[in-house]
Amino acid sequence: MVARFFSDNAAPVHPQVMAALADANHADTAYDGDGWSQRLDAALGDVFETRVTALWTATGTSANGIALAALTRGWQSVLCHREAHIEVDECGAPALFTGGGKLDLLDGPGAKFDGAAVKARLAQIRKDVHQVQPAAISITNASEYGLAWRAAEVAAMGDVARAHGLALHMDGARFANAIAFTGDSPADVTWRAGVDALSFGFVKNGGMNAECLIFFGDCPPGARELRKRSGHLQSKGRFLAAQILAMLDGDLWLANARAANAAAMLIGAAAGSRLLYPVEANEVFLRLSTAEAAHLRAAGYDFYDWGAGAARLVTAWHHLPGDVAPLAAAIRAL
Amino acid sequence: MVARFFSDNAAPVHPQVMAALADANHADTAYDGDGWSQRLDAALGDVFETRVTALWTATGTSANGIALAALTRGWQSVLCHREAHIEVDECGAPALFTGGGKLDLLDGPGAKFDGAAVKARLAQIRKDVHQVQPAAISITNASEYGLAWRAAEVAAMGDVARAHGLALHMDGARFANAIAFTGDSPADVTWRAGVDALSFGFVKNGGMNAECLIFFGDCPPGARELRKRSGHLQSKGRFLAAQILAMLDGDLWLANARAANAAAMLIGAAAGSRLLYPVEANEVFLRLSTAEAAHLRAAGYDFYDWGAGAARLVTAWHHLPGDVAPLAAAIRAL
Amino acid sequence: MVARFFSDNAAPVHPQVMAALADANHADTAYDGDGWSQRLDAALGDVFETRVTALWTATGTSANGIALAALTRGWQSVLCHREAHIEVDECGAPALFTGGGKLDLLDGPGAKFDGAAVKARLAQIRKDVHQVQPAAISITNASEYGLAWRAAEVAAMGDVARAHGLALHMDGARFANAIAFTGDSPADVTWRAGVDALSFGFVKNGGMNAECLIFFGDCPPGARELRKRSGHLQSKGRFLAAQILAMLDGDLWLANARAANAAAMLIGAAAGSRLLYPVEANEVFLRLSTAEAAHLRAAGYDFYDWGAGAARLVTAWHHLPGDVAPLAAAIRAL
Amino acid sequence: MVARFFSDNAAPVHPQVMAALADANHADTAYDGDGWSQRLDAALGDVFETRVTALWTATGTSANGIALAALTRGWQSVLCHREAHIEVDECGAPALFTGGGKLDLLDGPGAKFDGAAVKARLAQIRKDVHQVQPAAISITNASEYGLAWRAAEVAAMGDVARAHGLALHMDGARFANAIAFTGDSPADVTWRAGVDALSFGFVKNGGMNAECLIFFGDCPPGARELRKRSGHLQSKGRFLAAQILAMLDGDLWLANARAANAAAMLIGAAAGSRLLYPVEANEVFLRLSTAEAAHLRAAGYDFYDWGAGAARLVTAWHHLPGDVAPLAAAIRAL
C-alpha cells in the first residue's frame, strides 16, 4: 500500500462535501439558476467581507483562463512568474482563453516576485504597438513552492499594479493553505490589497471538482459568456455550488487547510536542513539524493522528483499527524 | 411543488452513480492516470464493439468542441443543422475550440438533414481560398426535436461524408434515448455508419457531470492537449470516469433512457394530434396555446415555451409512469 | 486580346497614384510615422467633415477584420447579409480577427437588408449566455449587387443599431461608387447616419494596395495593435498613405468612381430587361443564357457567371465610354 | 537634412522595383492568378535550386505568422531567441496566426542560439499534456544583431530539429545581407540545411511592400487559406509579385545587399573597438555614450539608442561609400 504524497489532487473528497452532493441530489433548475448557485455570491461575500461575483467552474485552469481573459485582451500580456502554473502546467490555456494573450515571465525566489521585478520588466518594454503591452499581473498564493503571500506583500504588488494601470489576479489553488498559515483575513490578502480576481481553489482541499472564480464587485463583461463558451457552464451546476457551500460551511476550508499544513510542518521539521523553502502551506521541497528517494519509495512513499537531487511532497486535508509520522521518521533516518 | 419537465438537466443523479462516486472516494493518482479512467477505453470498446479512445469531460459543449477541433482546422467549416445545439446553445464554443472555425447551416425537418441537403450546400461553395471549405458534418442524435437517427440514415450520411472528404461527428447528448428507441446497436449507428467521433452524453441520463468524447480508433493529435488547454482535464478525473463506468455497468444507460422514453411516450400519447414531432426519445413538442400553457403551469407543471403556440416537455430517467400520468391526463383534458 | 469585366480588381492603377508612389520614394521614417501617414487623419477628416482616425491597410479584408474586432468581442456576433463579402469571400477572416466571433446572417434583396430584418432576427435570440449575442451590424455600400445605400436608409439602420445597443460598420469596398451615384455627402452616409467604422476602399477604384479603415472619432482600443499583430503595419507605410492621399487629391476618388459608374450605366442600358438589379454603382448583373455567355466570351469579353443563367460585369475607373460601347452593342445584339 | 541610419525600412525603393511596378500596371487577373504571381515559384526555385512554393505577402510579420502556423498547432510552441523579432517586435502576431501558440525563449550571444541551447531547453520540458510541447525552431538570419548564419551552423540546427521531430523556420528579413556576407548558396543555408520555411525579405533591401514566404516543396495545408483569412491575399497581387521578380532579376537582391553590407563595414571599421558585434550584414551595434550619441545626432545622423551606452546604425542598399564616409569619420573622431 502506497502512501501518496505526490499531490493534494490525490486526496479523497471530504465527507461533508460528499454529503452536500447527496443533499443536492434532487431535481432543480439547470445551469446556475438553482438555489445553491444563487447563494454563492452571498456566501463568498461573507468570507471576503465585500460584494463579490462568484462563478463556479470545474478546474483551476478554467478559473485562471476566464479571469485573465476578463482582465486583458488578446494583444496584451500578463506578468507572472516563470514557474507559475499558468505558464508551466496549463498547456497554454491562457492563450486559448484570452485569444492569443502572452505570459511575460518574471523571476524571483520560491516562485514569488516583487514589485521591483515588475518595474524592471516594464522598463524594458517600449510603449509602442510593436511590443506586447502588459495589462495584468498574476501571482500564485500559496506559490508553486508553497510560500504564502502576506497581506502586506500583496498590497505592495497591488500598489505597483495600480501605478502602472495593471489589473491583479491571484491564482489561489492553495489559497486556503496560505490563509491558514498567515492568519490574514481573506479580504486583506485580496481586494483590500488590490486583487481584482481570485481563482479560489477547493479541489486540492477536500472538494471533488468545483473551484470558484471570484471577481470583487461586478462581473466583468464576457466572463459568464466565456465560461459557457469554453464548456464550463455545467448543466447540473448545483453540484458544484453545493461543494463550495459545503467547504465554506463552518469554515471547513480553513480546517482542512490547517490539517494539511500541520502535516506538512511535521514533514518539514523532519527535513530540517534539507528544506529548500520554508514550509508555509502544504508542500515540502527538500534535498533528496537519488538513493534517498529510492529508499523512501521502497518504504512505500509516493512523491515527485523535483529536478536532480530534490523532491516535492504534498500533504492534504486527510493527513492526520499519525499518517505522516512514519514518513517524518523515515526522512529523519536518512 | 413543481413537477419539472423543462429539461432532463433538471433530473437528479441516479443512485448507482452516487454510489460510484462514493466508491471512488479514496486517494488515487491524478488527472486520468487512475484506475477508473484507465478502464474507460475498454468499457466503451465493449459497448461499441471496437477499439475506441474515450475522453471524459464535464460537458457536452466541451466534448463537441474538442471533437470538432480534432476533425477540422480553424479556416474550415462544419456542416450542421440550423437548430443544432452547437449553433444555438453553446455561445460560439466551436469557434473557440477550433480556432475560428465556422458552422455552415443546413435545414431539414425535425432538426435533421439528409445527404441531399449536404450535397446541395456543397454545390454552392466555390472551391477556392476565398470561401470557407467544409471539413466535417455534425449531426445530433437524438435531434434537437427528439428524433432518433436510424443506422441506415447515419450510414447514408457517412457515405456522403466519405464521398466528399468530410469527417462525421455525432452530438449524442441524448444518444442513449435514441438507441433505446431504435434498438440499433451503438456500433451500427456510429463507426460502422461512418461516424468518426461521438459526444456520448450521460448528464441528461442520470449522470452528474461526466460526458464522454469517443474517437473510434486512435486519439487524434491535439485532442488530449485541447482537453487540458480548455481546462477540462480535471485533477480528480476518477470521479468522472466512475460516473461513466457506473452508467455502463449493467447497461444502466439504456435502462435509464428507456424509462425516460417511456414517460415521454405516455405524454406524447396524451398529446395526440397536438404533437409537432413523433416521440422518438425523451422530448415531447406539442401545440399549446398561451392559455393552455398557463393552465398547465397553474397545475404545477414546468416546461419551456417553444415559440408561439408550442411547448417542449422533457422527461428523464426518474420519471415513473405514475409521475407522468397526471400530466398526461391534464393534457388530455385541455 | 481580352476585355476584362470580371472585376474592378483587374483594373490598372491610376497614373496619379503611380506618380504619388514615385513622389514618396525617398527615405523617411518607418511604419506610420512618416509625413504622408501623418496627414491622413486630416485629409479624411476633410472628406467626412469631422475628426476621424484613419488606418491604412493593404486589403478590405483586413480593414473589415480590424473594424469588426474593434466593435465586438469574440463571444459576440455581427449581423450581416447572407451574401456579404465578410461572409462569403474572406475565408472566415472576421472569426480570426475577432477571436472567434460569429456572423449572423440576414436576408434581403440585392444583398441589402433593412431594420425590420434586424429586429426580426433580434427577436429570435434569447438574451442569455447560451446564445451568441449580436454586438454590431455590418452593411456593404455599394452592396454586393451594386446597390447604393441612400443616407436615409443608413440613418434608419443607425437608429435600429442605437436602439439595440449595436455598433454599425460599413464595408465600403465600393463606397466611392455609391457616393458617386447617390450624390449624398460622405458624412451623411456614415457618421451622421450612425456609422462607427468604415472600410473605405481605394484598390478597386484606381489604387494599388491601400485601403483605409476609418473610425469616426478616437481610435478604439486595440485597433492599432491588431493592425500590427495581423501583419498589416507595413514598414514603408508611406507608400500606402501616399496612394490614399493621391486618391483624395482633387477628389480623384469621385472622378474615378463616376467614370466606372458611367461605363456600367452604358452596359446596363444595353442590358435593358435582362437586368437583375438596377445599376447604382459599377456592377451589372444580368440574365444571360449559357449560349449567350459563350457568345460574349468568344467576342473577347471576360466576366463572371453568377449562378445559372446570370452574369456579373464590373467596370472600373479606366473604362471610357468607347471601351464599353462594343460590349454594350454586343449585349444589345444578343 | 538628416541622414537616416535608424532602419533599412527608411530606405527608398530601388528604381528597378519602381520600374517593375510601372511595367505591371495594366489590367490582369486578380489575386495571384496573374502572370507575375504565376512565375514566382519558378523564379525562386532557380534561386534555391529546388522546387518551392512561394507566397507573396506584404510584411515579414505575416510571412512569419503564416509560416509558423503551417509548422505548428495552437497548443504547441516555437523555440526562438529571446530577442527574436517574432517575440519582441510583432505584437504577438505568432499567437494570432497559430491560434494561441507559444514562443519558448532561448538565450545566446548576438541573438543566435545553438543546438545545445535547444537540447537543454527540451530536457526541461516534461512530455505530457500539461506542458506546451515544442513543434518548431525559428532562427533569424541575419540575426537581430546582424550576425549571419553559416550553412554549417544552420545544418547543425537542422540536425537537432530533425532529431527531435521539430520543424525549422528561418526569418530572413535580412536573408540577402547574410547571403551576401557568407557567400553561401541560398540552398545550402536553407533546405539543404533542414529549413522547412523561409520568410525571405525584400522590403528592407529595396522593395516597397512585398516579402516572400517560401516553403521548400509543397504548400502545407492551410497556408494559402491563412494568407487569405488574415487579409494578406491582395487583389492586385501582381504588384507584389512584380517587385519580387524585379529583385531577383539579375540578382539585384544580392547587389543591393552587398552595397548595404559594404556601407556597414565602413562604419564598423570606424567603430573599431566600440563594436559590440562583428559586422556581418548591414547593422552596426556600437558602444556610444549619451554625450557621443548626442554629438552624432547634432551632426545630422539619425539612429536608435540600444539600451544605455549603445546604439544601432543600419545601412541600406542606397548608401554609397561616399554617403557613409562622413559618418565613419565622425565616429572615428569621437
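In order of appearance the chains are A, B, C and D, and numbering begins at 1 in each one.
Basically, a residue touches a chain if its C-beta (ideal position, glycine included) is under 8 Å from a C-beta of that chain, and two chains touch if they have at least 3 such contacts.
In this text, all values refer to a predicted model and were calculated from it rather than measured experimentally.
Engineer: Quick one: which chain's Cα centre is the longest way from chain D's?
Structural biologist: B
Engineer: Quick check: more C-beta contact pairs in C-D or B-C?
Structural biologist: Taking the two pairs in turn, the one with more contacts turns out to be C-D.
Engineer: When the centre of a chain is set as the mean of its C-alpha atoms, what distance in Å lies between chain C and chain D?
Structural biologist: 33
Engineer: Between chain A and chain C, what distance separates the C-alpha centroids? Give it in angstrom.
Structural biologist: The computed centroid separation for chain A versus chain C comes out at 50 Å.
Engineer: Based only on mean CA positions, could you tell me how far chain B sits from chain C in angstrom?
Structural biologist: Averaging C-alpha atoms per chain gives centres 42 Å apart.
Engineer: Taking each residue of chain A in turn, which ones touch at least two of the other chains?
Structural biologist: In chain A, 74-75, 90-92, 96, 99-100, 129-130, 225, 228-229, 233 touch at least two other chains.
Engineer: Where on chain D does chain C make contact in their complex?
Structural biologist: Residues 4, 6-7, 9-13, 18, 21-22, 25-31, 57-59, 61-63, 65, 90-93, 96-97, 203-204, 208-209, 225, 228-236, 239-240, 318 of chain D touch chain C in their complex.
Engineer: Of all residues in chain B, which touch chain D in the complex?
Structural biologist: 73-75, 99-100, 129-130, 133, 221-222, 224-229, 233
Engineer: Flag every residue of chain C that touches chain B in the complex, lowest number first.
Structural biologist: Of all residues in chain C, those touching chain B are 74-75, 77, 88-92, 95-96, 99-102, 129-132.
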